[in-house]
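Scroll down for the structure; my scribbles are underneath it.
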Amino acid sequence: MDREARLREWEERAEPYLLAPSLLFLASYAVRVLIPDLSPGWQAFWGLVTVVTWGAFIVEYLARLLLSKHRRRFVRTHWLDLVVTVLPLLRPLRIIEIHDRMQRRRDHPRLALEARVMTYAGLTSLLLGFAASLAVYHDERLAPHSTITTFGDSVWWACSTLTTTGYGDVTPITPRGRLTGTGLMFVGVALVGAVVGSFSSWLVRRFRVDGET
Amino acid sequence: MDREARLREWEERAEPYLLAPSLLFLASYAVRVLIPDLSPGWQAFWGLVTVVTWGAFIVEYLARLLLSKHRRRFVRTHWLDLVVTVLPLLRPLRIIEIHDRMQRRRDHPRLALEARVMTYAGLTSLLLGFAASLAVYHDERLAPHSTITTFGDSVWWACSTLTTTGYGDVTPITPRGRLTGTGLMFVGVALVGAVVGSFSSWLVRRFRVDGET
Amino acid sequence: MDREARLREWEERAEPYLLAPSLLFLASYAVRVLIPDLSPGWQAFWGLVTVVTWGAFIVEYLARLLLSKHRRRFVRTHWLDLVVTVLPLLRPLRIIEIHDRMQRRRDHPRLALEARVMTYAGLTSLLLGFAASLAVYHDERLAPHSTITTFGDSVWWACSTLTTTGYGDVTPITPRGRLTGTGLMFVGVALVGAVVGSFSSWLVRRFRVDGET
Amino acid sequence: MDREARLREWEERAEPYLLAPSLLFLASYAVRVLIPDLSPGWQAFWGLVTVVTWGAFIVEYLARLLLSKHRRRFVRTHWLDLVVTVLPLLRPLRIIEIHDRMQRRRDHPRLALEARVMTYAGLTSLLLGFAASLAVYHDERLAPHSTITTFGDSVWWACSTLTTTGYGDVTPITPRGRLTGTGLMFVGVALVGAVVGSFSSWLVRRFRVDGET
């Protein structure tokens, strides 16, 4: 009980401070991918930022794992935490927990239910789309016969994937790029589906209210 | 209180009159994009129409901003008005407010809830698709290696984008064309999703009524 | 009142008999499109079938229009009838009315609500997909640089359009083919969306019942 | 009554044991497709596994058909069983019945409704996607002008089909491959639609609970 309480306390306190390394990690990854011809000094600096922030995630996860009483159960119930610790580019998926905590502190939610779902799902898919664009651009940039040669191509591909439009004028061809693409398709489809569904239900509610008054 | 009331009054009165410049703006943009080899006189005329109508939107927005008591709050709550003032091609998105006002004047809505959602979302996506076709055709027409060479190609691309089919046989390749395309994907996907959802719920309701009676 | 009653009676009686010419029309169109090198005799025969069945649709529509008291209102409330009379390939859309009438005669519907929606929307989209495949194959078959050269290509294109997959390996390039394609996208998207929605709700209901008992 | 009871008993008992041959059938098919240059001995062995497991399905179906009192009704109500007996690659679709039976034995379901729908629909679509990848790879591998030359291409195609993204960079071109593709589009679209819908409703419920407490 004592330990679990301490763990909860730690989680509540650490969460907002972990948002900063999450953004730092994404920034360092973005800089290293988008500016390949950095001077050696900057390259070392941003490499260090990547390693340190990733290290912070691992330390935080292990600390919580050791603090918890039932470690096996901790791993099972916090499986998303393990995933985002191993693949920090998926960190945006954890926004929902931060959002939950912030929401609880306020007394009255400011936004309607649909608006909150749209905000959460929209933001998460935007961040995931950006992370996937970076990863795919990194893998495809120098591959022979690749159609993704600029970061703009990669963002265009990510947008057409997230909305399931799938033009196919630019597509990843390397195995790692396609693995990222498959992940983006499934995760993105679900998130964008949630945005569309919430928008649709918000629209229906808006029209219903107008019709009745 | 006095000022806010005057603002409301202005909004109620100005709205129907602003529909005309909206259509005029779209018409002048369409003429200038679709008929590039106009005589200098007509070119100047339609250019003037574009400038005057756009100016009217800006004047109207600023007037309402100045009339409002809490200007900061006005900008926050009327953010869509700011967007459609800066990018008048997105004006169709404001139809919902005009629709709301017209609906309130009538006592009984003539159409079922689903039909109204479908009409609104369908009309908006049609107008946005037309505006996007024009903008993309304007950007892609003369770009080297472009696949969009006629206005028909552009409309075909817009339709396959709005329904998320995304054939990819014709796609924008210029940065501005792709920016328009990205916007159309996200806005369009949400609107068409609303149409499909409403149609589906209308169909289910129709079958339910038949089954029970 | 007398006239309206006679009109209703006519509609009730004529409906099942009109299913036959609908299928005959589709069959004659299919034969003429799929077997272009018919002997002159057969060509004349199937051409006659097309003309006679189409004529029957027009006669039936006009008869109902003349029998109705409020002709203007008849045109407005029966707009789908006008559409399917002018474009008989869209006849499958009228299945819903035949289905309604048959349903009313029975006391208890045999299928669950979702199953009925899925059956109706699935059948209609299959028939429309078949009609669109025929129309597109007819228009594209001999067009220069066309990618749709066999009826199989056309069916493959129609399937990838109806499900909004949109591979884009085969796509119509003629204006008429693209017009058909646009129609199939919008109508098909709505119908397949209804099928998916009903399937999803049926699945949820099935799991809910299992969980509660 | 006696016979029907015996049939039920048989079904309840045989079901878990039939999961093993289902997986064995899939494994033997996978091995024979993915490793075409097996030694003759292994080829004969895996061929035998395919034949024996398929035979087991047929025997089980016939046994149940013969045991049932109303054979005609059995065929009508168990049509899915007939389909998966003729095309054993579609076996994953029967998971729902096994799942149902297992669910009934437990007193309290461990997962929320949405999680169960997502698990079932997600698992089924994954298995079907794998089976379709194998079948399409088998048909397309040696076809002239085929774009699907490795199993990776086939999996990439199946993923982009299941999510209705449909890039179209790799697509089946043989009639049998396209038939498999059409089936995957329709079945997959419905299953993935169910996953997206459930995820969306779970997300809404999660936000609603947070907002109210």
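Going by the order they are written in, the chains are A, B, C and D; count residues from 1 in each one.
What we mean here is this: a residue touches a chain if its C-beta (ideal position, glycine included) is under 8 Å from a C-beta of that chain, and two chains touch if they have at least 3 such contacts.
All of these numbers come straight from a predicted model, not from anything done at the bench.
Taking the CA centroid of chain A as reference, the farthest chain centroid is that of C.
More than half of the contact pairs at C-D come back, by residue number, in A-D, the repeat among B-D, A-C or A-D. Computed centre separation for the pair chain B/chain C is 31 angstrom, with centres defined by C-alpha atoms. Chain centres here are Cα averages; for chain A and chain C they lie 44 Å apart.
In chain A, the residues touching two or more other chains are 160, 164-168, 197. Of all residues in chain C, those touching chain D in their complex are 152, 156, 159-160, 163-169, 192, 195-197, 199-201, 203-204, 206-208, 210-211, 213.
Note for the complex: chain B touches chain A at residues 96, 100, 103-104, 109, 113-114, 116-117, 120-121, 161, 164-168, 171, 173, 175, 178, 181-182, 185-186, 189-190, 193-194, 197-198. Those residues of chain D that touch chain B in the shared complex are 164-168.
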